[in-house]
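Each in structure tokens, the structures are laid out below.
Shared between the two complexes below is chain A, which has chain B as its partner in the first and chain C in the second.
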Partner chain A sequence: MHHLSLYLHFVKLRIRSQMEYRFSFVFDLFSQASIAVIDFFMIALLFNRFKELAGWRLWEVGFLYGMIGVCFAVAEMVGRGFDVFQNSVVRGDFDTILIRPLGTFFQVFSQDFLLRRVGRFSQAFVILLIANSQLTISWSFVKVGYLLVSLVSGTSFFIGLFVIGATSCFWTIQSIEIINIFTNGGVFMGSYPFSIYRRWFRHFFTFIVPLACVNYFPALFLMEKVVPSGVSTLGVYLAPFAGFLFLGITMLFWRWGVLHYQSTGH
Partner chain B sequence: MIEVENLSKTFKVYHHRQGFFGSFVNLFSRKHRIVQAVDNVSFSIKRGEVVGYLGPNGAGKSTTLKMLTGILVPTSGRVTVNGYIPHRQRKENAKHIGVVFGQRSHLWFDLPVQESFELLQRIYRIPQVEYNQNVEMFDALLNIGKFFRTPVRQLSLGQRMRADIAAALLHNPEVLFLDEPTIGLDVVAKARIRQFIQQINTERQVTVVLTTHDLDDVEKLCKRVILIDKARLCFDGELAALRRLLSTERILSVDYAETYSDISIPQAHVTYQEGNRVQYRFSPEEISTANLIGAILQRFKIVDISVQEPDIEELIKTVYEDNRALEQRFTETDAIDLTNRNT
Partner chain C sequence: MRPLYLTFNVYFAFVRKSFQRRMQYRVANLAGLTTNFFFLLVHIFVYTAFYAASTEPQPLNLNEIITYFVLCQVSFMLMPFWGARSEVTQAIKDGSVALQLTKPVDFHAYWFADECGRACYFLLMRGCPTFLISILFFEVTIPQQFTVFMAFAASMVLAIFMSAAIMITIFSSAFWTLDTAGISGMSGSVIMLFSGMLVPIALWPEWLAHIAEWLPFAGLIDVPFSIYLGKTTGGAILTAIGKQMMWCIIFLGLGRFFLSRGFSRLVIQGG
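What follows is the complex of A and B.
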């Protein structure tokens, strides 16, 4: 409870300080939402010409797009501390974190909160709602729960990627840019049905970096689409938990990174 | 309170290749050399002591402090602070210590001082009554009320340091670690901070360990000093003993009103002369400062006169050059080893 109330207090302070620059905040919100709208417009254009992609229609893909967009926006909002962690290592601020009577992961996590991602979030959420109205998903109690778990799992997945990038700073000081391929690239890839990709690629993004588990498989389940051959139904049920597992593993990696920092310093 | 036994810390310093290709190569092959930052240091500090931890740049002061605060893990040796092992019980240890690094603030730079303090109150779970008492006291002693609502990034260096020291003491820690607490401050600000540290020490029995380059800090605050150079401990004892141990030579600078052909004074050596400005080196054991000045005034007309004491860097240099000092502390082999290292 102590941690939760502390976290909420940190968030409150962050939001207030970001609201001080109201114009820049609103401008950012607006520009982000417009870019995102154009983004989806491109997909819509594609479908205007081809009607179908690997058996997926426009609003089915819109559902995928909305899901991954919501997850990424929330991850950027709450996982900001890890996203910009590079700067604090360079400044030597990590020493300050180590002299506080709180866990390092918690402190970096609560360090920042990027409110302006609300723009991206709402755009993705609206697309998700429109997609839902265009599709005939038979919602049940289980499915709503499954969707929520999938969204939280997808968010955990992206935060896990930020954590990997942040942890690498303990060795390289500069965050490895390669992580951006997975974060921004992940959003792009996740916006299309996974069946269009090559086999090794699908396997990599299912078992190593479980992007498909938090987006594609849940969408299959929710829309009751035919499960591709070679994929077990049980696997589809359990897929969303891969996001939590992924975050857990990156947290262990983080712990290892902190130990490395404590034995080498900077 | 603080026990340090055979504490050592070695770092691997990597050779970084430059450029794009270089950084790629760095990932796979990294040449390194081993640097001994702290070498077999032992000491023990009792509750309520104020200890000056001194040494030249790169001697290993900050590394030692980082091991005492749980930031770094020792390569070998033992540390306990308040009975906790800092690197293993980092969070527990953190509740009972206060830390100030003069070079950098531990506060949230975009928040007003007050909000930073309130955050710390939540983090350390400081009861409201205790918090109010402390803020009141720190305001009375450090006058922090004047800038309590100013964001930390807008504070002057002196104000920031006051805020940082107050912040480090909000949770009533038993031990206070100060790394260069007066660096870059003007005389008034320095005096205020010294007075505050002294008061906190006497009123609350807070144990204080401070590193500094400022001999005034040491003289005003520390009864005991620990000297470290080139990663090794080279003196541990009372400041007065250190002074006695060393040939406490002083420098007397005089600006003469006229040019004299013979400016020699018995028991004082001319070390420097330019025009009418002359510097003498003398030892108070041979001739007291008063007698020396008297002797000069008797024979010459002067414009200005001043006496300087050696600063810490010089003191440490003397520790190495003066074998008498070394013999008190080390066995003969160590002493020879140390002097060799110095040359």
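What follows is the complex of A and C.
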């Protein structure tokens, strides 16, 4: 409980400081939103010409797009501390974190809160709502719960990626850029049904980096689409938990990484 | 007044320095190359699936689409999608831009040279490898006529100049807002859309393609690549290149105007 109230207090401080550059903040809010609109507009444009993609119609893809967009926006909002963690290592600020009487993971997690991602979030959320109104999904109590779990799991998945990027800084000082493939690239490829990808590609993004588990499989279940051959129904039910597992593993990686921290000095 | 060739030498030195500075980051470049390939691969997967389901003939066939996206990834880093570069806006924010003011050079020309050096670097270290490896893995079309290739080269150089001019125009907004993240993001997404980077303009519905025609940004991506693919031919090539030139000059003028206004209202923060 102490951690939670402390976290909320930190968030309040971060928001206040971001409000200092108000013009830029508002502008960025709109730019975030406009990027998302353009992004989806382009997908709609392709569907206007080609009608369908591997048996998926526009708003089914819109549902995928909305889900992954919401997860990524929230992850960027709350996981920002890990996203920009390399600055702390480059400047040697992590020393300060080590001597404070709180866990390192919690401190880095609460170091930043990027309020402006609300713009991106609301766009993705609106697209999710429109997709829902265009599709006839028979919502039940179980499905709503399953959707919520999937969204939290997807967010955990992206935070996990940020944690990996941050942890790598203990060795490489600067964050490894490769992680962008999985974050931004993950959003991009997660916006399309997984069945269009090659086998090795699908397997990699299911079993090693479990992107499909937090987005594609949950969408299959919610829209009651036919599960591709070779995928068990039980697997689809359990898929969203892969996101939590992934975050858990990255947290262990973080712990191990902290032990290898060598200060760059002041 | 110094002789013109001496002045040119100074700015050419800036181009070279800008290029050399970036040569330091070889590992980062390798990571960037991987990212380029990842996005290329996903694009190819998506379009292959779209084309597989469609029986109607399209303005570009699948091979041409693949070539188009290979070229997109080749020139991705040369384009002004990223908005203001952080080192420049940071210099304005923390006041170290004052040091640059003490140099006896024209700032617009200096930054233009810097952007050109950056473009050379990414063309050589990012673009060329991307293109060569793509030829090995995908079916990439290569223009058969020498004239087509020359026209493409000319158009591409203009695209790079225009990109540099746009970039300077964007980051000069930092003199007014200090934090350019918002403007960068917004302009970046609009430019990316209308350049044809996301979806080739040939595949757009007519009304939207018409809007793109009146905007400058197709000159960055769609115009040179359409020449490369042989979709723009004959006199249309000259018109297209002429239009690129016109927009180039407009953006250079705009950038100069903003910079001079910006410097005249500059307040150095801190010291």
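One rule holds in what follows: the second predicted complex is superposed on the first by the 261 of 266 C-alpha atoms of A that agree within 3 Å, B and C clash if a C-alpha of one lies under 4 Å from a C-alpha of the other, contacts with A are read in each partner's own complex, and residues count from 1 in each chain.
Assume a residue touches a chain if its C-beta (ideal position, glycine included) is under 8 Å from a C-beta of that chain, and two chains touch if they have at least 3 such contacts.
The structure displayed is predicted, hence computed values, not measured ones.
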{"item": "Of chain C and chain B, partner touching more chain A residues", "value": "C"}
{"item": "Partner chain in contact with A:Q262 - chain B first, chain C second, else both or neither", "value": "first"}
{"item": "Touched partner set for A:G103, first chain B, second chain C, both or neither", "value": "first"}
{"item": "Touched partner set for A:V144, first chain B, second chain C, both or neither", "value": "neither"}
{"item": "Which of chain B and chain C A:L8 touches, first, second, both or neither", "value": "neither"}
{"item": "Common interface positions of chain A, toward chain B and toward chain C", "value": "none"}
{"item": "Touching residues on chain C, where the partner in the complex is chain A", "value": "28, 31-32, 34-35, 38-39, 41-42, 45-46, 48-54, 58, 177-186, 188-190, 192-193, 198-199, 203-205, 208"}
{"item": "Complex contact set, residues of chain B against chain A", "value": "11-12, 63, 66, 69-73, 75, 87, 90-92, 94-95, 97, 99, 101, 104, 106, 110-111, 115, 119, 122-125"}
{"item": "Residues on chain A engaged by chain C in the complex (per definition of touch)", "value": "21, 23-32, 34-35, 38-39, 41-42, 45-46, 48-54, 174, 176-178, 180-181, 185, 188-189, 192, 196-198, 201"}
{"item": "Residues of chain A that touch chain B when the two form their complex", "value": "2, 5-6, 9-10, 13, 17, 91-93, 95-96, 98-103, 259, 262-265"}
